[in-house]
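Common to both upcoming complexes is chain A, partnered first by chain B, then by chain C.
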Partner chain A sequence: MKRICLIAVLVTLPFGTQAQPVAEAILKSHIFPRFEALATASSDLANKAQESCAPASKELRGAYHAAFDAWVSASHLRFGPTERQDRAFALAFWPDSRGATPRTLAALIADKDPVATSADAYGDVSIAARGFYALEFLLFDDTLKAAGDPAYHCALVQTVSSDISNNASAILVDWTSRYAGIFLAPGPEGRYRSEEEVLQELLKALSTGLQFTSEARLGRPLGTFDRPRPNRAEARRSERSARHVALSLSSLQDLAIRLAGLDTALAADFSAKFAIAQNGLTALNDPVFKTGASLQTRIKVEVVQQNVDSIRSVVTQELGPTLGVAAGFNSLDGD
Partner chain B sequence: MAPTRTAMTAIALALATPAFAASEESVLSTYADIAAANYEDSLITAQRLQSKITTLISAPSAEALTAARAAWLAARVPYQQTEVFRFGNAIVDDWEGKVNAWPLDEGLIDYVDASYGGPSDENELAALNVIANPTFALSGAQIDATRITPALLEETLQEADGVEANVATGYHAIEFLLWGQDLNGHGQGAGNRPWTDYAAGDACTNNNCDRRGEYLAAATELLISDLEYMAAAWGAEGEARQTLTADTQDGIASILTGMGSLSYGETAGERMRLGVMLNDPEEEHSCFADNTHNDHFYNGVGIQNVYLGSYIRVDGSVVTGPSLSDLVAETDAVLDTEMRTKLSAAVMALGQIKIAAEAGFAYDQMLERGNAAGEALIMGGVNGLIDQTRTIERLVSVLSAGEISIEGSDSLDDPDAVFH
Partner chain C sequence: MARAGRRAFLSGLLAAGMVARPSWADAGSPVFLSAAAVPDGGYLLCGITANFDVVFRIPLPGRGHAAAAHPTRPEAVAFARRPGTFPMVIDCATGQRKATLSAPEGRHFYGHGTFSADGSRLYTTENDFAAGRGRIGIWDAHQGYLRIGETDSGGIGPHDIARLPGSETLVIANGGIDTHPDSGRTKLNIPTMRPNLAYLEESELVETATLPKPWNKNSIRHLAVSATGKVAFGMQWQGDGPAPALIGLHQRGQAPHVVHVEGEDIHAMRGYIGSIAFADQGKTIAATSPRGGILQFFDAHRRTLIRTAQIEDVCGVASHDGGLTATSGTGRILQPSVSNKWSTHHRNLRWDNHLIAV
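Up next, the complex of A and B:
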């Protein structure tokens, strides 16, 4: 059904003089497919949770991994529909440097808070207890996967999964029914005043995505030379840390090459640099970056991080000027 | 640039009468003058705070504690306006963590309620309690804290074990020592530390009153010396001013970087929106004193100050001169109006939070799950700040299209430069 919606919108989009080929192609071939995949996989997750809510359920865990994959592949597209009603924050609250996710989940379970019986009501709950990172605690954390009354735990798993699906679906519908039009028709009164502002949004998504992968996904478990922090690796309980780096780089590569457009030399440079980073990650063969604690392997993680940083340099120093825009401010600009 | 824009600009230019003839140099000079006055005001109000704290420690009483709290609140008014000088000026960023680091694991410093918990995965020292422990182990070494000195706080405890939440110095450490933990959850009321936490002899509550006073005096002394350093750095021959004015293009970029980063990533994101989304009363910038509404409001005022080139000092006098606003108006008066309108709207939205909070609707309450009125108030401020950031980004393009070339500036094109 969602597929039908999407096609209908594409037909009615103002592909005319105002729409610009690069943004339009990125919308059709990069943005839509990712949010479509997220909605489909999340809907499957919600269904699987209804069938089996046991944390050890192979089907449930499989659906969790598939939906989380889809999110990470779309997680750099943080503008417009993802930022309405805190949707993306509610799908993915991480890093959680103050331990809010386990603390909030433990309180819900201890209180048997009735809010967990309805996915709609659950939309009011702290983002720390919503989304993929909360579900990971409920399915994989030694303490929280077995905490509390089994019936309540089951309801919580089902509600968190349905809430994820609701959010993923809302993002897709918002993109197809509203934001695609805004994105492709910049104008003096619009969210985007000019085509340059649309490209700037995409450049910013690319640059911020690279920054997040370097500083959070790779940087947090590395910690410092004297004090590595393997417990800070992203989604380590379900052994997804390195997988997230690979998935995000793959998506960011796709976006970078599409933005480079007709500049084939720049596109080739991106392909080569992303391949180096991915190969380094594969060679590391360490799903949760535990090796950051040992000297010899730590260097290999740092090299992957430097590879990602060098891609970001190309984005700001070459791709930005090619497109005629600067990256602007992003949410990582604070401390 | 589109032809329509050019036509509009031409009309607007004909109508515009800038208050000052602005050159880039004069704009930078006004900005540095405001910074100097604003940090000097922060110092003056911190010295007043120090005198009240000296009284509290030497002659403890309920009145002395109340007077010290009032002086802390007054000291925050100028300081929060200076935060717009962060992000664009490396010298401020390198220094800022010493005076305004947040959030903190306050159990590092003093006693806490049982609900606080103990050491966490992220911070083994979260419940160290230096005031109760004259000696303790830190990263394998034995620390002698029998005397609590500025050096101990600055060199040993601040960010101990590489954890940012180990905040031993600055406004928020002092705030905790004056108010104590706010144990009211989402209810009304701030921290309620008794004045007898500083009393002598048998009147002393919660033990170690002398060490608590020693800590408070040391933290205040450090705050003063840190503010002296920054006020001097913006003086006529100061390092911050010289760096800013060394290259006019980079200088203008520094102003815009500070305005945009404080608006967006810092205040709208980390400090405001996150708290609403987490429904967590600990996510208050001044969670002990319940002064968060003022923190946000004066951030907004500070951003407006540097754009308009006008700052009202704590003695009521005004520092003013050629401004970024004048500079933008010369090129694109429509955009200048848009910027001024959005800055006013954001300050008004932040002011609405302040109005409600001062009338008794505490910021804690606004953060509670399902509190739609509170969420609407806070998100009004967030949206105002995000909206003005978009226009700040437009200023970057306009100023770079004219004589100033901001493209290529580290602070705007290299997120790293902003990030540190």
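Up next, the complex of A and C:
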């Protein structure tokens, strides 16, 4: 009995006492840089769209890719500022299982809806027509990039880009002016009661991020064995599907290793497992997961998916308990 | 005796009322059903007696969620965890599979169902995922569980379903969350979700109850119904930050109310109710929070917290003979009422989400 208690103390003590430095380090080295990069790249996107709104513009497309990269690298940090006023949903409405994004954009264009002339007014438009995935349709979709009156199309590209920039900037300002304080000063009246709860929020972001990459980013184009669905791959029109998996895994790896803290064995395990997934993805050499092409490709994508799931299982079974999240049969269920 | 002859003979006896029809006594008189997992990775549906003994263990092809018990025949419908496609009808007296319900093209099940009062119909919550609408499937339990129809559930993402006592009125927890099997369990509509309680009579929507707008990210998932038709519902908070409340009450014809819980007591629920049940003739509500490892008792009339019990990985809760029983993922079955802490520990079983009273 004494021995068990001692182990419990040894396991909980280091994390209990150093949670604050871990959270602070994650804020400074993981969270802030990502939202700063997102705000900067989105602002550049809005500016480039003002200079050149033609879908084929190299400058505009380059700015789109850079800003979208920044979003995907931050897209697992879904709490606090990103959720206020549904900002993250407005940046990234995907998966869109029922085609709401092209449908809503087509209706705006057909109606020449004047809402497209003001980024502020555009904040009230259906989230399906906002954000990076909507912009992708306007720049890369064969139908929508050429749809409607060119002047209206141009205004829509500029407005969607400015709306993205406004949202990205609002998230950053919210983090620096308000949420960083909440994050670093847990207390009995706070949103987080203890440092441990701050780390639990990050653990949830890590686990949900891995699940999303597995089920949506990799799972959607896989479809079923009988019916692969390459047309469901994320951002396939701008050939970003595999890139999103790589970027998200890279961010999730950084977070996982920071959360593992002083547990160097766990951190090493994460590094090895993430490397396996990334190497599998690189070897696949298929930017848009044309999984229907061959059985061999399909199996390779499935292996990457299993690699991601195995990382998530380590997060749940090993990292979770060290941060005070029980790996219970029911507590993990979520149904 | 030749097979056909024997069957004709038996059915003649049945028709003459000379052989008792099989009843739950033939299955060992369980008072509860629960799905469980075993250490080797297998899954079961179990019958549990009033003494907390397991009287039958029937293998399932995958992880279960809830079950529905036929009101007279020793027959259980075991539902898979969503997005399940395999509700199995099991003869609990023989352990044999009697039927497997197959979802029509474009539908999947959500893991809950309930019988009509006479046991002739089974109702199941389903997702029409192309349309993003909830459906209630209707199955004829007298004809080998033939699907005989379906109706709109009155919302999106219907989860739990119950029948108001002494009536054929169904109450449905439309959780409000849109999912599509092409993206696993990814939630597609959090900003616009609008959960409700919907009441159906003869496939017609007769009433819906919706919490006001600031609560629209509170997914109504699980239900309990009192003898007087009061409905208690457990929610799962999908918004950012702390949940405003997680338990609600509704009586038809009135506005829904939430149970106000504050400070540490709501914090400890971790935004997530697993199961809910009435006890003490409808005076008390019990709700489990598996993430917080707690079971809480609420005064159903005053809508206040009475007390909190700590039970690791607790989730299933149901009432029987006025008393409450709870189950946990660590294998425990216990009576969490104030004076009685009697419990049994099935160390080789992990009780899954729901405990269903037979």
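To be clear about the criterion, the second predicted complex is superposed on the first by the 304 of 335 C-alpha atoms of A that agree within 3 Å, B and C clash if a C-alpha of one lies under 4 Å from a C-alpha of the other, contacts with A are read in each partner's own complex, and residues count from 1 in each chain.
The rule is simple: contacts are C-beta pairs under 8 Å (C-beta built on N, C-alpha and C of every residue); 3 or more make two chains touch, one makes a residue touch a chain.
The shown structure was predicted, so the numbers you read here are calculated from the model rather than taken from an experiment.
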Taking the superposition as given, does A:166 touch the first partner, chain B, the second, chain C, both, or neither? neither
Answer with first, second, both or neither: which of chain B and chain C does A:220 touch in the superposed model? second
Looking at the overlay, what does A:193 touch: chain B (first), chain C (second), both, or neither? both
Give one of first, second, both or neither to describe whether A:98 is in contact with chain B, with chain C, with both, or with none. both
Could you tell me if A:124 is touching chain B, chain C, both of them or neither one (first, second, both, neither)? first
Which partner chains sit in contact with A:207 here, chain B, chain C, both or neither? Use first/second/both/neither. first
Looking at chain A, which partner touches more of its residues: chain C or chain B? B
Under the stated touch criterion, which partner chain does A:42 make contact with: chain B (first), chain C (second), both, or neither? neither
Touching partner for A:326 - first (chain B), second (chain C), both, neither: both
For A:84, using the defined touch cut-off, is the partner it touches chain B, chain C, both, or neither? Pick first, second, both or neither. second
Share the list of chain A residues that count as touching for chain B in one structure and for chain C in the other. 86, 89, 97-98, 127, 193, 211, 215, 223, 232, 326, 328-331, 333-335
The answer for chain C against chain A in the complex is residues 37, 65, 81-82, 111, 129-130, 132, 180, 182-186, 188, 190-192, 239-242, 267, 272, 274, 290-291, 293, 312-315, 328-330, 350-353
Contact residues on chain B for chain A in the complex? 2, 4, 87, 103, 120-122, 161-162, 165, 260-267, 269-271, 273, 277-280, 282, 369-370, 389, 392-394, 396-397, 400, 406-407, 412-415, 418-419
Touching residues on chain A, where the partner in the complex is chain C: 79-80, 83-84, 86, 89, 95-98, 127, 191, 193, 211-212, 214-216, 219-220, 223, 229, 232, 326, 328-331, 333-335
What residues of chain A sit close enough to touch chain B in their complex? 86, 89-90, 93, 97-100, 104, 124-128, 188, 193-194, 196, 200, 207-208, 211, 215, 223-224, 226-227, 231-232, 312, 316-317, 320-321, 326-335
